[in-house]
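A, B, C and D label the chains in the order they appear, each numbered from 1.
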Amino acid sequence: MQLGLVGLGKMGFNMRERLRRAGHDVVGYDRNPDVSDASSLADLVAKLDGPRTVWIMVPAGAPTRQTVEELGELLSEGDLVIEGGNSRFTDDQEHAKFLAAKGIGYLDCGVSGGVWGLENGYGLMVGGDKSNVDRAMPIFDALRPEGPREEGFAHAGAVGAGHFSKMVHNGIEYGLMQAYAEGFELLDASEVVTDVPSVIKAWQRGTVVRSWLLDLLVRALDSDPELDDLRGYVEDSGEGRWTVEEAINHAVPAPVISAALFARFASRQEDSPAMRAVAALRNQFGGHAVHKAGPTSGSGSTGS
Amino acid sequence: MQLGLVGLGKMGFNMRERLRRAGHDVVGYDRNPDVSDASSLADLVAKLDGPRTVWIMVPAGAPTRQTVEELGELLSEGDLVIEGGNSRFTDDQEHAKFLAAKGIGYLDCGVSGGVWGLENGYGLMVGGDKSNVDRAMPIFDALRPEGPREEGFAHAGAVGAGHFSKMVHNGIEYGLMQAYAEGFELLDASEVVTDVPSVIKAWQRGTVVRSWLLDLLVRALDSDPELDDLRGYVEDSGEGRWTVEEAINHAVPAPVISAALFARFASRQEDSPAMRAVAALRNQFGGHAVHKAGPTSGSGSTGS
Amino acid sequence: MQLGLVGLGKMGFNMRERLRRAGHDVVGYDRNPDVSDASSLADLVAKLDGPRTVWIMVPAGAPTRQTVEELGELLSEGDLVIEGGNSRFTDDQEHAKFLAAKGIGYLDCGVSGGVWGLENGYGLMVGGDKSNVDRAMPIFDALRPEGPREEGFAHAGAVGAGHFSKMVHNGIEYGLMQAYAEGFELLDASEVVTDVPSVIKAWQRGTVVRSWLLDLLVRALDSDPELDDLRGYVEDSGEGRWTVEEAINHAVPAPVISAALFARFASRQEDSPAMRAVAALRNQFGGHAVHKAGPTSGSGSTGS
Amino acid sequence: MQLGLVGLGKMGFNMRERLRRAGHDVVGYDRNPDVSDASSLADLVAKLDGPRTVWIMVPAGAPTRQTVEELGELLSEGDLVIEGGNSRFTDDQEHAKFLAAKGIGYLDCGVSGGVWGLENGYGLMVGGDKSNVDRAMPIFDALRPEGPREEGFAHAGAVGAGHFSKMVHNGIEYGLMQAYAEGFELLDASEVVTDVPSVIKAWQRGTVVRSWLLDLLVRALDSDPELDDLRGYVEDSGEGRWTVEEAINHAVPAPVISAALFARFASRQEDSPAMRAVAALRNQFGGHAVHKAGPTSGSGSTGS
């Protein structure tokens, strides 16, 4: 079928390619003219036959909101917008309402798979009306991985359910990565385990911890066995934060996902104000040594 | 090759079967005569040709130690013991030393795979001398999954390295399971996601969180979509505890693995003494309502 | 000086009494006519001489917002509103802006001290313009504890700073309480410590952990040495949640405060969906026993 | 009464002084002749009249064990040893047994108070037989703070109970410090709170979080309002680790105390191997930017 695709970054670019390989007619638009099939959003819309389906794949927040608003002006009654970025699920309800007033349909779609999606397909979680889901199914079927549809695609519920599911997916992802990471560090610290990469590689088959993330860790260790080409500095995107916030909103204990999030925050700190406070307290009550700030670190005084 | 196998419980029984399917000559011994091939440990040893290889697959702690000691009396110089249970790695060094004094070799082997190992093969992590590892390789090759050896088998280091690796494997497993579990609970608490099992099923292909554990969660949800046939009561075996203890010994932060462990402890408490203390404190300073122990719970007084 | 005080619940009632003891002229209003000095909010305003100062001490959220709005209609240019409830600091900026449009001043004041404040005084953290703070200082001085002003009162910053400070205060409080609670539970679980209440009582003088909360724990143990008259069921009010949310907003690691919050969530669950998921997973891969839901709990199958 | 005191470091030196001020006859021994009253341990013992009481105040572990063993040779039946260092409670049972075989009594005593103990007195938690406790009570009474005995002294149980109590005390201390520290960091990160030291100072009276540790934090902020004269590098001594280990041994959830411990571990890492693993994983699946190790940090590649 025909699809307009707004946003041809790392994700959108590959998705256009995967859809075209499946025989779909994709008109892409990006501000970068080198990759764009249309000169403007209006041009993109003009190039599509009605009723149109337009997939938005731009950064969450203001860029997505602005695109939804512009499409609201450009599209017609009976058209359909699919928002596939990493938006917060609470944004979807606003987008859907805004477009519904113009008779334009709306689906939110969480998309997982990263740079591997072009070849492997993308895991898809969709929220919205069943009729809209059915209408876009050829697109979803082309994007999702080979195999049974229900193992790579879910209609999770009403508008917002797709991004809520993706948010939780990413929260889980934070926890999984941190679990492997802690295990890696402990193996690394052990005196008795002398071949850490081989141990992790050997977990790929038969073990309880085998997973795609484990395969990727093996891949990383293959090229950098100590992982010392990079620094332990880890960004976080919105989903991990939102997951903890929603856990709080629903009074759901989330100790593992929050610990994983906080470990990322801490990884980006040159120095921790909190730990300065702890050091100051220990010094106050016990005369314990502190490490002075400045070029020479570490300082005298005996412990107790 | 020929192997003596001590312990034919859930794991050992299946391992004997898998080894026999691969053409090995296994003589098994278990206290349960219905499954045993020998009438006693002495009988087992007598049934083996020298130099013998005997695999121990009995519960960790006293049963394993006792079996090592008895084998120390029964075996001869040049024989080899492989300890495949869930022992603490610190026990291995004692076992190896005890047997070395008698000229008996020792390998420790962490075995992962649970009840699925019979068909899928077992992930293996081994510690000990290379010559002993080479000698037992036909056994390892039969037990490990199909595919490249290094994806299901590792020689992790000296004696103890196999069980240390398995310990960390299980610590990671605790973290992974808790991450999925927190995500499940949050999806379950959501008003917008109305088909939780479908969402989790859809994570099986293409997503970042796909894994064998996820496949098992899908399997569990297939037969019990709300998981309400069972209670949230979770045992722990030694490995999770040891992982946190070793993390502490090595000054490795392990917030995720420890959170997963503590969640299991809490799951087994009818009532939490700690939370009684928090409730008592809130009542003291703020006159906040407390829930009285006893048949009728909940009590009056307004919050502030 | 003269003060209007809206809300005569557990906190407001005692504050009126403390202010009157200090010689201030307080006109209180509450929907409960038994404690109210005025028949309506309009009556309260009518009873005050201009320029008026009105302190709001009603539940956070809608009740506070509604009171601010009504006062906006009733008060006059040059009057001053002090919002002393447990509001989220982000509400203050809206309240201040709304009132500023009418020429009415606004201060937000975090108030700590609970039911003990009548006798001990209340710790106060205030946000807003210095001129307004100075104007209300006689009230603050009467409410705060004896001793140097700066040890029980702070002008924390602009509007919102008072409630932000109180929010953090309460977040810390969660962490402190949980730390004592974990220690209590561990002492309680110990076989070697046979007189737990005496140990905790002995921490009141000379130790590093002495505090007012510890004194309250001793007080609770005096009347209930095992704390078994109550259940480990703990509510949370907004501040703990907001503290974690603000920590996330500022990328501040807050493992302790969030752990304390999650422990409260868990304390209120009859059964944990997350731990049901973990139990289901263990059963899937290892055939581990699960506890069935229903009247008889616990079920067979051996562990591995 | 007369007391031998072995170890005149930061703690022992002050304790000798406090005991002498109370009129006790203290003979101190330290390897440092500048502070010692005796030339050797044997000389110390020779200077005491029987039945002797000797207090050990040397570092935990080997130094304490060695001192106990030497005293076992030097002392006589009917003498009493009080072990006041930060030993693990499991050591006490061995010490007591060793000395009991020679008819020498044993008490373990947890001592809290740090460098402030000289003036404020020390919080004391004692394990052992009541008759020995009674015998040493004049010493305990001189060391403990003014006020009711039970508010600064406890006979916690049999041998080991004193050090177990002190261990838990220190575990709680870790949690308390981290709670204040997280709150400090969040205040520090806030845009709206512009006078953080004043806010914390104002918590000293009337609030729920007032404590001696808070007073010390105020004291630290008085001399260094941003705490930027020191680095967020925090050591840990054994007690925090042991507390978590004992929590694990007793299946007691200890999320706050363990989080506080792990924050210390992390504070001492130049770079985190675990977070390198997380960074590597993100890079693998999403092409997310990593920070390269080496002189120039941060590197290109777009996020997704």
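Criterion: a residue touches a chain if its C-beta (ideal position, glycine included) is under 8 Å from a C-beta of that chain, and two chains touch if they have at least 3 such contacts.
Predicted model only: the values in this text are computed from it and were never measured.
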| item | value |
| --- | --- |
| Most remote chain, CA-based centroid, reference being chain A | D |
| B-D against A-D, pair bridged by the larger set of C-beta contacts | A-D |
| Where chain C and chain D are represented by their mean Cα positions, the distance between them in whole Å | 31 |
| Separation of mean Cα positions, chain D and chain A [Å, integer] | 44 |
| Centre-to-centre distance between chain D and chain B (centres being mean Cα positions), rounded to whole Å | 36 |
| Contacts with 2+ other chains: residues of chain B | 114, 178, 180, 182, 185, 189, 208, 213, 251-255, 259, 262-263, 266, 269, 272, 274, 285 |
| Graph class of chain-chain contacts, one of line, ring, star, complete, other | complete |
| Interface residues, chain A side, partner chain D - complex | 9-11, 114-116, 177-178, 180-182, 184-185, 188-189, 213, 216-217, 219-220, 224, 227-235, 237, 255, 259, 263-264, 266-267, 269, 271-293, 297, 302-304 |
| List of chain A residues in touch with chain B within their complex | 89, 112-114, 117, 120-125, 127, 144-147, 150-158, 160-161, 164-165, 168-176, 178-180, 182-183, 185-187, 189-190, 192-195, 198-199, 201-214, 243, 246-247, 250-257, 259-260, 262-263 |
| Residue numbers on chain A that touch chain C, as the complex places them | 208, 241, 244-245, 248, 251-255, 258-259, 261-263, 265-266, 268-269, 272, 274, 285 |
